[in-house]
Amino acid sequence: MARFINKSQTEIGESPFELRFRGTKKSDKILLRVIDFDAENVEECKLKEFKEISRYIDKETITWLNVDGLHDPKLMEQIGEVFEFDRMIMSDVLNTDQRPKVQEYEHCLFVSCKMLTFNEKKNQLISENLSLIIADKLLISFQEKRGDVFEPVRERIRKQKRKIRNSGTDYLSFALLDIVIDNYIFILSLMGERIEMIEEKLINNPTPDVLRLINEYKREINFMRKNILPAKEMAMALVKSDSEFLDDENVGVHLKELLDNINQAVEISDSYREILSDQLNIYHMTLSSKLNDVMKFLTIFSVIFIPLTFIAGIYGTNFDNLPELHFKYSYFIMWGVMISITLGMIFYFKKRDWF
Amino acid sequence: MARFINKSQTEIGESPFELRFRGTKKSDKILLRVIDFDAENVEECKLKEFKEISRYIDKETITWLNVDGLHDPKLMEQIGEVFEFDRMIMSDVLNTDQRPKVQEYEHCLFVSCKMLTFNEKKNQLISENLSLIIADKLLISFQEKRGDVFEPVRERIRKQKRKIRNSGTDYLSFALLDIVIDNYIFILSLMGERIEMIEEKLINNPTPDVLRLINEYKREINFMRKNILPAKEMAMALVKSDSEFLDDENVGVHLKELLDNINQAVEISDSYREILSDQLNIYHMTLSSKLNDVMKFLTIFSVIFIPLTFIAGIYGTNFDNLPELHFKYSYFIMWGVMISITLGMIFYFKKRDWF
Amino acid sequence: MARFINKSQTEIGESPFELRFRGTKKSDKILLRVIDFDAENVEECKLKEFKEISRYIDKETITWLNVDGLHDPKLMEQIGEVFEFDRMIMSDVLNTDQRPKVQEYEHCLFVSCKMLTFNEKKNQLISENLSLIIADKLLISFQEKRGDVFEPVRERIRKQKRKIRNSGTDYLSFALLDIVIDNYIFILSLMGERIEMIEEKLINNPTPDVLRLINEYKREINFMRKNILPAKEMAMALVKSDSEFLDDENVGVHLKELLDNINQAVEISDSYREILSDQLNIYHMTLSSKLNDVMKFLTIFSVIFIPLTFIAGIYGTNFDNLPELHFKYSYFIMWGVMISITLGMIFYFKKRDWF
Amino acid sequence: MARFINKSQTEIGESPFELRFRGTKKSDKILLRVIDFDAENVEECKLKEFKEISRYIDKETITWLNVDGLHDPKLMEQIGEVFEFDRMIMSDVLNTDQRPKVQEYEHCLFVSCKMLTFNEKKNQLISENLSLIIADKLLISFQEKRGDVFEPVRERIRKQKRKIRNSGTDYLSFALLDIVIDNYIFILSLMGERIEMIEEKLINNPTPDVLRLINEYKREINFMRKNILPAKEMAMALVKSDSEFLDDENVGVHLKELLDNINQAVEISDSYREILSDQLNIYHMTLSSKLNDVMKFLTIFSVIFIPLTFIAGIYGTNFDNLPELHFKYSYFIMWGVMISITLGMIFYFKKRDWF
Amino acid sequence: MARFINKSQTEIGESPFELRFRGTKKSDKILLRVIDFDAENVEECKLKEFKEISRYIDKETITWLNVDGLHDPKLMEQIGEVFEFDRMIMSDVLNTDQRPKVQEYEHCLFVSCKMLTFNEKKNQLISENLSLIIADKLLISFQEKRGDVFEPVRERIRKQKRKIRNSGTDYLSFALLDIVIDNYIFILSLMGERIEMIEEKLINNPTPDVLRLINEYKREINFMRKNILPAKEMAMALVKSDSEFLDDENVGVHLKELLDNINQAVEISDSYREILSDQLNIYHMTLSSKLNDVMKFLTIFSVIFIPLTFIAGIYGTNFDNLPELHFKYSYFIMWGVMISITLGMIFYFKKRDWF
């Protein structure tokens, strides 16, 4: 199974209205959490059956239904029918491999993007699809797995933060998307810290582990970009959208900030990509420079012995007439000559700055 | 014959209305398959002669004629004449080397793009031209070879899927193009899986086979991009088109999704391109690092013997006066000195972390 | 003389109205060919003197004057005067080093672009400037050298192809430009075939000749891009132009196709550029990998002999007291030890997968 | 803590209205400096308590409040309340890690960007956030640390430069931003000078220090780009803005110049990035070329001795029947042969231009 | 002093109206040349004092004042006052480090760009700022140094070229800018010729001088791009400008041509940049390939002697019982064996294509 994209042959040519769960990740049971609030009251509950939602539907309060888990197409169909959504929408919710997008429908606005989490042990990013259906007084969010990422928003609702309790579903949606984008930047700052720490090791001790690390981060930054670059288009579409479900006065400024944050994430990931490329270069150069030093030293070492061994070889010959062999101090003179040659060579190499 | 583009000198300066078959791929006999349907009925048949099409023309039902094989210019001319198409259109159908495009004519809309298939044995993509002529109540699709890629759509028509049976030729065309694009993504996910698997081999066992593989995938990704990048323009043209043959309410959302899917395909192919470049780098570095280790080991090994051989050389000389030769334990002392030197050097090299 | 651009100091500051021939290529005599036609009749002739053109001017027929050779500024001036063209136009015709462009004047439309030919022996592209002046019932084309590239169009006119005989000068101009662009694609397919054939040689036999070839093609593709990239702007200008001399109904579709073809040419040249870069990489890696194998083999070969030579050296010493020398089978034992060491080392190197 | 971006997990999901100080840099006490002026008078003072600002608020004069230090959220809240700013604004002021931006509010215009300073000792850029709130007759500037960068503007106000004293807060804001941008260019010229000086060392003496230097500058240029590229968008937004707080007649030309200056900064940083890349290349090539020369010399040196040592080895053998040993001048002939071989090899190597 | 940008700390925060000379290049005396002309008459003179200009101001003729040298701020102020220019303009004239720009003022149009000259000895481009102030019947041009680049235009005015004498200051300005751009192309063709000549040397004789040359040209092309890329924006602004000082009918076509020429310059500089990169690659590969050949040869040479020396070593041992030593023809057999081994190895290496 490829990590960057995954499509089975059986999906080809399927009707776009088909409701089919494509993933393999299952939370044991699909969790349906409702928060229903207005400026005065907050009510929170976990639905045992989807039917219970009827209690909240016709009230004037804002209802946020969070669905954790997508592996029950029947439930999805039921949701679509109860709220009378276009069939395309529920199919989009289940199509977890699609690009982030904003799609305007008659009765609602559909937004999807990728949530990223960083597995610090494996140095690996995990991507999960998040879908939002924004309707009048109703927000439904779909996640692939159970998770607590949206807890801070729930906390803000409970704590009666003025803005979030007085605004409609548009501000609430912004709050959720904001968490997703903040997470991108948080992960980048986490990875960034580690990437910047590589630099030191790089020059002092360029082990293959460092190389492996650089390549891992390169791959993850690449994976991140694949996920956040299209999110930029999604945010741009939100900023430009004149949908009735996004009140410009209420969330206009905030959506612009969202876009700004994604832009920042993209720029920082670009910076780190370049830093990693540079590090790879430094690694390569440091390593080859170290090797070169070793080889040069060893070569010089051998070279010094070569003429000495040759001289010894000369006087190891068995010629009958080899006058030097018979002088009294020949042997000692030989040593003297050898030492002179050695010193001469060392001096010469030093002078040419060879070691 | 070049694979990326192919143009013979004789084609230069030809009239754009010339109907000439340029390819070499021939299905033995051109296959003409008709599906004629409306919300209530479906009728399927293979035409023995093109004339039989007259049966379907004047009915109120939707007629989809699928033509497998382009090597009979006369048949093409006949088709053009029967339906009173602009002559340019039939010439475009036969011009299989052209870029994907959308061209609006008075009586119809012409769309062409490339279908890709992946030969898993040869690790090679094969590209085939697909042309669609979308008219009122009539869709004609042209393929270069017999194939069953559109079977899922036929199946959907047979199974009376509400949408496809109740919509016009625009939705049907979308369904066909959707299969083509889905195929791009499917092929990318197929190649992606293999590309991602290279990584492991890369570090443990960087054989020339791995190098060959990386280069093959690079070439194929390049080939794919050449085919899908212009398809993006084609999809954009469809989304923006205000042709009467594309009912915006009926297929607007779907065409946007088509464009989204092509964008995804382009982005993923970009990701894999980068991954392959990185892999090439890793390959290069791993290989050179391995070689360096070997060479360093061998060099150090030789270097250790060099002074030893020199010492042996010294005492192989035949000087008359060489006092050491005559001491009783000289030979054993020599061994001792040699062992000390060896250990000293090993210790020194270890300390400097050279092996 | 630089091949990519050529400007002499004397040209700086010249009036843009100056008529001066800048090139060095001269056809011996400037050739003036006229084809004059309408739906019924065709008349062809070579003018001996330019004055003879008067015969064709006031007729209702379409007149195409083709001028081969630009080295006679006086003739150019005469042409400009007879047809009452803006002086800028004739200066543009002579300015053969300029970028492809479309310029609308009161009485005519000026179009220029580069014609490329490929010298297969030298593996070199040759670029020549083509200028078209499109007026009412009159088309003048200027080439730098005599050539037969437009013969197919003449043939189509002679053969009474309906469209070309019934349309105005706009369709005729399109036909000429189409030949130029088709030529780009033809040359690319010619080069492409050869470039793709390099791949095989690359892995089996990476000789310096292959390197030279790759670099030659890189340079030529670069040269081609320099010529066709601006042609894209030219075609875009034609498509967007609302000049009275281009009847949108008559040539709109064809000009769009022209643009499509240039786009294709650009994309294919991009593909080949990348392929050539990859080939350079493969060349480099294959070569260095081959060298490494040789060096490793040689080094291992030497390393095996080093301890053997050392042992022989030991027993070549002349110590009085060297017990091993006097044992009966010492020599044979030495051989045994040497063979053991050799086998041990070979085994060790094999095990570590060093050769 | 990563230098390029920094986000703690606790910030995720916070309300955008939260006033929280995120940084660690604290000036001991927040410094509040006021300059209040009109065409005739200037009054300068340091506020002890923020309340004192009331003196200046209702006057017809222009009031510029400069706040050095952001670590007191309460003060920030107080500022926001006194001037009745949107709560978002004060939160933006405290969000020092955000991208440069321009945001229009009902009662004011918010502008933020990065101020850079260059630590010449550490070769490191330090970035600090600057926020401007431009209102009617009121300008508030926020810096993270105490600093004197704006002193020249104060000096111009004191010296009664006509323009600055007669214009509104828009021209004053421009003057502050101008200093920030001028600083970018000044730092680039500082770094540029040093980068250009590297070139010389590079060829004569490519030490690892030079490599370290190049990499340091690469990282800093990268850091700079991360800060100034988004500033370009900020300037573009200012130029295009039709806010009532920016009088186009008064500052239009100046804002355009601001944009021009940022563009220049971006272009120059691009130039230096390329120069550094080229330098890295030169470093690499020079180093490897030097090493190659050394290795070639050493190898040739060894190679010359190899046949000589072999010959000596031959005559060191102890064969009973080795005729040459017994000729009278054998030894001297051997020397002659050796010298001839040496000279021959040197001649051969010289001829092939190997050293 | 950095060559790409130069800013001193003292300039930071200066009022944009400040008139200060920043450069160091001084022509000894500022030269004021006037050409005053209309269709009938031309009058040329060098002003001794600026006051003399009054003679030309109120006449109906066109007045072109050329100022060579900027080092006298007082003169600049005087010029600004006499013609009642906006203070910003004169400050822009003196700000020689700014980007090329077009700025429309009430009474005039300000245009600035860089003039380049090529020092052929040092292989170095020199850039100089040119400012034009285009007003009604008045054109003032400012150069940093005395120079004769505009002589051809003066010559055209003297020779009574119809267009230049009958047009206003807009055509005259175009003529001056045209010279500047023509110069870009001339320099590129000059550099191009040399760059293309490098290729040959590259393969036959890749000396370090060639490397130095390539790097010099890379730096200069980089420098050129830094100067001409922004000039493109300047030209675009002129083409789009609807200033009253640029009569579209009179100079529209010419300004478009100007833009075309800059585009050509940019494209050619791109081509040469790529060619230089390729050359660097070829240099690197040729060099390393040459070195590899040498090292391989040397290594093979040594390897052949290794077993021979080993054999000689064996028979140099002093074992009492070494039977081969005592056979009559042992020595000659040894030689035979040695020659066989040598031939065998040479044959083996040749067969594996190692040299």
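Note that the chains take the letters A, B, C, D and E in the order they are written out, and that residue 1 is the start of every chain.
The rule is simple: a contact is a pair of C-beta atoms (placed from the backbone, for glycine too) under 8 Å apart; a residue touches a chain by one contact, two chains touch by 3 or more.
The structure displayed is predicted, hence computed values, not measured ones.
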| item | value |
| --- | --- |
| Equivalent-chain rotation between subunit E and subunit B, CA atoms, steps of 5 degrees | 145 |
| Chain centre separation (subunit A, subunit D; CA means) in Å | 26 |
| Mean-CA-position distance for subunit D and subunit C (Å) | 42 |
| Per-residue overlap in subunit C, given as positions that touch at least 2 other chains | 288, 295, 299, 302, 309, 313, 316-318, 322 |
| Chain contact graph, described as a line, ring, star, complete graph or other shape | ring |
| Chain order around the ring, beginning at subunit B and proceeding next to subunit C | B, C, E, D, A |
| Subunit B partner contacts - residues on subunit A that touch it in the complex | 1-9, 11-17, 88, 98-99, 101, 103, 208, 211-212, 215, 218-219, 222-223, 225-226, 229-230, 280, 283-284, 287-288, 291, 294-295, 298-299, 301-302, 305, 308-309, 312-313, 315-318, 322, 324-326, 328-331, 334 |
| Residues of subunit C touching subunit B in the complex | 149-153, 155-156, 161, 163-164, 175, 178-179, 182-183, 185-186, 188-190, 192-193, 195-196, 203, 253-254, 256-257, 260-261, 263-264, 267-268, 271-272, 274-275, 278, 281-282, 285, 288-289, 292, 295-296, 299-300, 302-303, 306-307, 309-310, 313-314, 316-323, 352, 354 |
